[in-house]
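Below, subunit A partners subunit B and then partners subunit C, in two separate complexes.
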Partner chain A sequence: MSSAFPTQVGNLARRSIVRTLRQPLYVVPSLLFPLMLLAVNSSGLRAATGLPGFPADSYLDFALGFSFVQGALFTTSNAGTELARDIQTGFLSRLSLTPIRGTALLAGHLAGAVLLGLLQSVVYLLVGIAAGVRLEAGAGGAVVLLALALLIATGFGALGAALALRTGTGEAIQASFPLFFAFLFLSSMNLPRNLMEVDWFRTVATYNPVSYLIEGIRSLVITGWDGQALGLGFGIASAILVLGLAAASIALRGRLGRT
Partner chain B sequence: MEGERGIEVEGLVREFKNGIRAVDGIDLSVAAGEIYGFLGPNGAGKSTTVLVLTTLLPPTAGRARVAGHDVVEEGHLVRTAIGAALQEAALDPFLTGREHLRLQTALHGIAKPARRQLTAELLERVGLAEAADRKVGGYSGGMKRRLDLALALVHRPRILFLDEPTTGLDPQSRTALWEEVGRLAHDEGVTVFLTTQYLEEADVLADRVAIIDHGRIVAEGTPAALKAQIGRPRLEAVPAEGADREAIAAVLADFGEPCAGAPRAVAVRLAEGAEGLTEVVRALDAAGLAVADLQLHAPSLDDVFLAKTGRSLEGAAEEPERIEA
Partner chain C sequence: MRAGTAPAGRSGARFRAVALAVAWRNLHNYFSNPSLLLPGLFFPLLFFTAFAGGLPAVSELPGFDYPAGYTAFQYAFVLLQSAAFGGVFTGFAIARDFEHGFARRLLLAAPRRTAILAGYGLAALGRWAFTASIVTVIALLAGMDVGGSGVDLFGLVALALLTNVAAMFWAAGVAMRARTIQAGPAMQAPVFVVLFLAPVYVPLDLLSGWIHAVATVNPATYVLAAVRGLLAGEGTHVGLAFGLVAALLAGLGVFGLRGLRKAEAAG
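For the complex of A and B:
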């Protein structure tokens, strides 16, 4: 007797979502910290809007995009930690004894991360709008923004899952957090790349894919419909997702180890 | 008929990358409907054997067939025939008991209308109906083990693997689990492969017992047959005066070979059996030696273990199970 793929994904997704929502310690920080950083940056770096060529009148408008990517970073950590816990407690072995497919296991597991990503993104957007942000791309832009934020969260979640499956420990996930954070801070999160005066930082930010994720979201807020920024944002987010899923699938095969 | 097949193992070996042979060439055969006890200390290779037989770990060498299917070539068929409660009750502390069963029934492909009824039946069966909607994180060890058992039974397996199912349980929970396992085997014909480090558990529950040590089976048979191999009872005398210990040991040596006993006791395996006890008492009295305690122990599985390995199972070195790949 074997269940259909959608049944497997659906039930694992429900489990992932239920357990995510039952852990406020996972949900609350990922909602609050990006908003706190947004509040600090938008008041502390307000003067940057006076730089010649700065692309927005309000620093809040400029900075909002970063919150979505920072929130996605929490998704990486949460998705990885949850999966690592399943490995350590033997829950993954229990699942391995059912007729479950590896792809269903991954998809179901990521569902919780995706839900959290969606919840975060909606909150960031609503808080931003309430604080005076006006999306240049309009209501349609909001939908596209949420779609891109969700894609980024899912991609980062897949990376977290891959890391968990490769290492099997929550500690490894936590240890990788600073590395991911370094990627965030060495990006165009605080300034447009063309206004960066330090050459090496501008070069790093230019080669850092995170810059394009932020710029994709930011473009919908401060520019309107910018095909190039959105193309790069969606393209790189998709590439991260594909890479994450491929790495997770390979690691899962090794981790399941069933004959 | 496939449904009547149990477990057949020939020359099974599992060696890890660090060179340790956790399972070192074991042969065993478990008949359908039998409760087979796999008894040994921590680190003996019990859990590794279970992981191989449940297809979660490939063997390094040898063959194993479970329910008529090869564990390497037909792993997916083995998994449909077996249920397993592994060493740690692998449960999600944030889900309720009912949610666990709902997930397990769905993953095993049980039709949606039947899931609710089966879930209710299993919760009732393991005595968790009232706690069904509580999060598992708040369950006691016994409740977790019972839920673990219910999850293993979801797809009505013909063969059940229980890896140290009663470790850490209180006596009441242990007895309840024994009753349930007995019911499964004797009323429903489920084959049970049970690992344990508890002598009493193997003695009470298992139809046959294999004793494993350092990855090898050192004895196998019914508990009664194994104990009969030892045959003679053990006599333990605790000297009333510590200074008399050597003298008492010398007297007892005339009645049987010395063996391990309780820490303060002098112990011998009586050559003449229980009938020799009277003569022992007379000899001690004649020598003017007083004892604080004199006990006659019928042979136990621990005696079997001691005879086969030179160590007492209860005092065997505790080594972690070596299951890292």
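For the complex of A and C:
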């Protein structure tokens, strides 16, 4: 059984990766939309750097972190939609007749999401650097940034998988997109929390975990090595991953039990 | 009897009957299906909440001289965005009607097929009226200042309404050519890009670099400036905005009608 586990994960991972990369409708929007929003926001809000206390000289430096989290949102949608399709076409039911382990199924399925997350993160970072972003944390910071972005993408992918296994339909995944989108927009994506003037919005952004994911990545770009921001970023991303995997495992057990 | 030989009064009555039936069906589907109703309402409210709630500090920048305040500044953008997307989402409904075969039956049954387009146009207006009412009530509850007179506000609503119909013509033209919901991104993305390349967060004068150059030639910039001006009681680019929207309406009207002809030809 122990030697079969890597084989099971490997086969499903290869299928997940090939299926993801073969679909331009998954890859292209997840690369283009965050970059487009980055271009529009970094130019449209450039004047905001003139606000007293704004933590960066360039709004592009400040805004880059958001792209990684927005890209991860696409991972949620893609991972969930693919798994939902497997459920709707009966592939998961046929798979349940084999001796495959649930953990192998989840790990293999998430491989496509992880690869897409890595691809997105590298592209965002390279585009940012080409546009003039300089990481205060240096080259080591770039590695940590990619690691955090990958952890976020994997966590969001696990949430998408959990949602797919719970609902079993692609429509439900698409319908959940606005909810995740709200978490993004009600965060510190556009301004640091201490510069938010509206109290209730600052409170929402403070309780919104997405703020800390963005701020963790942002700290490597505009501050350098900020232990607190990185600790919160990695801690919350890990918690999302653990919660997502736990929810997906429970939903998978229930679904396989019904098959 | 062919429609073309019918007396003008009877022909007009048939046109009205088809248009109203298409509009009623579309609005009934919209209001009775949360998966259609909520996204149209959700995104304008989210943008309004995120921008008006998260960015008021931007209004303290030197050169930011909009008298009605940042809530009104963002309300104007969201109103225009909701108008444009109300039209685009109606295009989605047209594409769905083609996918399910309903639109083809409609083309066979309608004595004057332009009435079908008119019906979808009425539905787009109905959808937007609902969204705009909700957004306006929330903006007023959030303390939005309105400096414009009744005439100014009438002009504001008229501009948004014409934008809604122009966007509907665009989306209908795409939907009737593609006849599949997979064309959704093609309907939505250009409208999204044009709107967000206007001065969304700060006035045009505070933009710099490439976005200033693009925003200066973007027609949406002047429509947005006029809507903001009317809301604040200032006449900013009003004539230009009406001219631009009228030209857009004429051009996209032709695009929509030609789409209808292509759908007819496809059978």
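What to note about this one:
Here is the rule we go by: the second predicted complex is superposed on the first by the 254 of 259 C-alpha atoms of A that agree within 3 Å, B and C clash if a C-alpha of one lies under 4 Å from a C-alpha of the other, contacts with A are read in each partner's own complex, and residues count from 1 in each chain.
Please note the rule applied: a contact is a pair of C-beta atoms (placed from the backbone, for glycine too) under 8 Å apart; a residue touches a chain by one contact, two chains touch by 3 or more.
Predicted model only: the values in this text are computed from it and were never measured.
Of the two partner chains placed by superposition, only subunit C is touched by A:200; subunit B is not.
In the superposition on chain A, contact of A:89 is made with subunit B only, not with subunit C.
By the touch criterion defined above, A:190 reaches subunit C but does not reach subunit B.
Once the two complexes are laid over each other on the shared chain, residue contacts for A:40 go to subunit C alone; subunit B is not touched. By the touch criterion defined above, A:48 lies against subunit C but remains apart from subunit B after alignment on the C-alpha atoms of chain A. Look at A:98: by the touch rule set out above, it reaches subunit B but stays clear of subunit C. Contact residues of subunit B toward subunit A in the complex are 54-58, 71-73, 75-76, 78-80, 82-84, 86-88, 90-92, 94-95, 99, 102-104, 106-110, 135, 151, 155, 325. Subunit A makes touch with subunit C in their complex at residues 29, 36-37, 40-41, 43-48, 50-51, 171, 175, 178, 181-182, 185-186, 189-191, 195-198, 200-201, 204-205.
Note for the complex: subunit C touches subunit A at residues 35, 38-39, 42-43, 46-47, 49-51, 53-58, 60-63, 185, 193, 196-197, 199-202, 206-211.
Listing the residues of subunit A that touch subunit B in their complex gives 1-4, 7-8, 10-12, 14-15, 18-19, 22-23, 86, 89-91, 93-100, 257-259.
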